[in-house]
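Quick one: the structure is below, and I'll ask about it shortly.
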């Protein structure tokens, strides 16, 4: 699979279809896998692929330091690829200008990350190339299975849930790694960087952290594709996945919508329907 | 001759300190499910009882002890409007003594390095007060991982800089105790037993890059063409700066309303876009590679030139916590190899 | 003042003058009398002014150090703090801490001809130097002042430009960007760098102080170099983003300099190799 | 009307300018008495009532929050309330996960003619919140420095 990936990228670079390939690689053998930007055909041997390729490389399609390289090819796993679809619908990228190299993936992380258990996109869709074949079949997870982790958490009484978040969010230092790794967070100036008015306190106090994480989670409602990079990037080890699952579950249960899955479906935030239920409204 | 202390006595000591009204902080499992599926996540945090203290089974905590002398959020003073009249109330500085038990040498050494910037020509009493109140009991490292590079920056698993007491593990149960300062002696007075047994100095990580080659590269001026390529994968978050024992930049903001509130100091990081943005929109460092360059220059050229010590103790937290495995280590290895 | 280096002095707002549509100059006096007597500063230093509830900002102290009954600063309404400062009235209380920075090297400038070049809102750091030089006239040679702004209405301390022209051996050249002139405007039309070149200013035994938007400084410095001024004789004041003012918070760092401690006044020689300075 | 030792909840009502605000006004002109515990904050449309405002209300010490606007179809901006409804559906799930008391967050449609309904909704919310007591949980979050 790795040779097929390297050959594809070598050809793309040689015939000038792209000026740079964003992929996973090891600049030197003993280093961990990191995002690499291959611009010369002979460097494609740096490319690597194994179950330590965590990063969602779609994020780099929004950064000027990478866009300056010219036309780009990006390697994506199934979960990463869903982010491409959302960005396209939110007109942040021009899909025709990007070459998408899908990598068949059997899950990442040793042991496997939580997101991989109910993954049904082992083989990336809407990609220009698909490299390799996924051995694990796509899980036909029901809504209950997909959100089992969240439901287990929601079974706890509200006081216990708030106590959990008070303990977890007290460790947040507001390094904004969760924002910087997220392909959906592309605002030129994030709401926390605005100070006229200061709507979210920039201090890493419990009040500031609750306000920030509520805002971050809700700004991803119906947009987060569940790549879980925010949870992996958090140096304080806060399980942001639970917050993202809450919004994803609400989107699926109420609007039968899973972000980045169906190119025909309208994104739910920004659109509306007269048939939305309102039993909770007096 | 050496002084020894075993684990049970150490735990009893910690409980004693707590009962005497001291605040005690140390590595503990914050029990967060580590998203990379590895062991529990260990962080320095305030202890309520010695049982929570974890002294082995991990390389080093993912945060640093600077939190206890330079907190992430700190009130500088309060302001209160009474009609047109305005009153400023200085923040009350802490008074309770605090002990950091089980600090790593690369954390303790960082405190000594930070003393310079917080005391050159104008003294920062917030930092100094907390520093005086703190006694650092350092635990030498028996193991290291691929991210540790203390030996490459003039430190090591037994670096005594910044420590009041150094504990060197002899075996799983006992530590050799070296009291280095008066504060350390006072804290551990009478708790240790004399012995002839000496702990063998643990072996640090291999030297990962040549410090002089790095110095030459940095001395070659700021606008070197290699920077954009080396730092392209950086996403511009603050994880490296906030978990680094020596990063000390901060922001000053007002919290409260126009009628009253407080002016506070929060951690800040040179990797954020807003760090150098002018109100006019001009930004001297608008590109991520410039910010990464600034971070490396500041740590390995500017701070040493000004204060005589590297602003880095080689703990490896910046690479350990970086979402794209960057931080300083890979950059330094690339630069040092670029000669 | 306690030894809390971040706590400001309380200042009474004496007088507020609106310079342009979005620029005001404010005169302050210490509410605490001894502090007023004990206070002194060198022209060219800056202070950090607070509007409580909004925050703090860095502005040059634009009054001369010889004037002891008040202290003046000038700001443009662009951000959170300046918007709060815009609303203050005479008699209000705001905060001030300082003086910070190195200020202008007057000893080096003794006996030299002085060339002051300013752009737009950067007039205050020039104005305090001009008044100090004119009130100690005998210590300095000829004084040439070139001041440019986008439009005539954008000129800060415009009324003082004419008063300066009346002093002997002082030459004042004003200019506005093309299209910014008004019918009765007597000055030149063009950008500051080109106007400086056209002004044919003699450069022997001269020092120049250039303050303005980074783009203006960038294009004026080479012109001065071409006129024969040595890099070490050209000075500029870089008012970078500052937070603490006491060399700790890291915001003002330009490459190896802490702008608030080793600046904001630098020579072109110091600034030239620094890619981030301009 | 209220003796001193009964708990007086602080209720924040974010209302839309075209319907509920006028409904509240109508209740006033009709001399319909309703508890004074409510503080009314007027916004152009429920579509503009940001979820952050609900969080801010609790940060500032509110015990309950009401968000109310035009009935679906009546919106002066055509679809503001439809967008708002969709957001509320999603936001309530996030509140639940965080353990923020969903019984203290109320949503309603009150048109300009429904002064009666405004009185009834405010009275109901005040009694219910008085039962629940002060919302100390969120205030503790904001006290911890």
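A few points about this structure:
A, B, C and D label the chains in the order they appear, each numbered from 1.
One rule holds in what follows: a residue touches a chain if its C-beta (ideal position, glycine included) is under 8 Å from a C-beta of that chain, and two chains touch if they have at least 3 such contacts.
This is a predicted model, so every value here is computed, not measured.
Placing every chain at the mean of its C-alpha atoms, the farthest one from subunit D is found to be C. Centre to centre, using the average C-alpha position, subunit B and subunit D are separated by 46 Å. Subunit B and subunit C, compared by their mean Cα positions, are separated by 39 Å.
For this pair, subunit A with subunit B, the centres built from the Cα atoms lie 31 Å apart. Distance between subunit C and subunit D, defined via averaged C-alpha coordinates, is recorded as 51 Å. Taken residue by residue, subunit C touches two or more other chains at 55, 79, whereas all remaining positions touch fewer. With touch defined as above, residues shared between interfaces to two or more other chains in subunit B number as follows: 73, 251, 253.
With touch defined as above, residues shared between interfaces to two or more other chains in subunit D number as follows: 145.
Chain pairs that touch one another are A-B, A-C, A-D, B-C. On the side of subunit B, the complex with subunit C involves touching residues 76-77, 79, 81, 84-86, 88, 90-91, 117-118, 120-126, 221-223, 248-254, 256-259, 261, 263, 265, 268, 270, 275-280, 282, 284-285, 290, 294, 297-298, 301-302, 305-306.
Note for the complex: subunit C touches subunit A at residues 55, 79-80, 83. Here subunit A touches subunit D in the complex through residues 150, 153-154, 158-166, 170, 199-200, 205-207, 210-211, 214-215, 217-218, 221-222, 242-243, 246-247, 249-251, 254-255, 268-270, 272-274, 276-278, 280-282, going by the rule given at the top.
Only residues 195-196, 198 of subunit A touch subunit C when the two sit together in their complex. Contacts from subunit A toward subunit B in the complex involve residues 27, 30-37, 54-55, 59-60, 63-66, 109-113, 168, 171, 173-177, 179-181, 193, 195, 198, 201-205, 208, 228-229, 231-239, 241.
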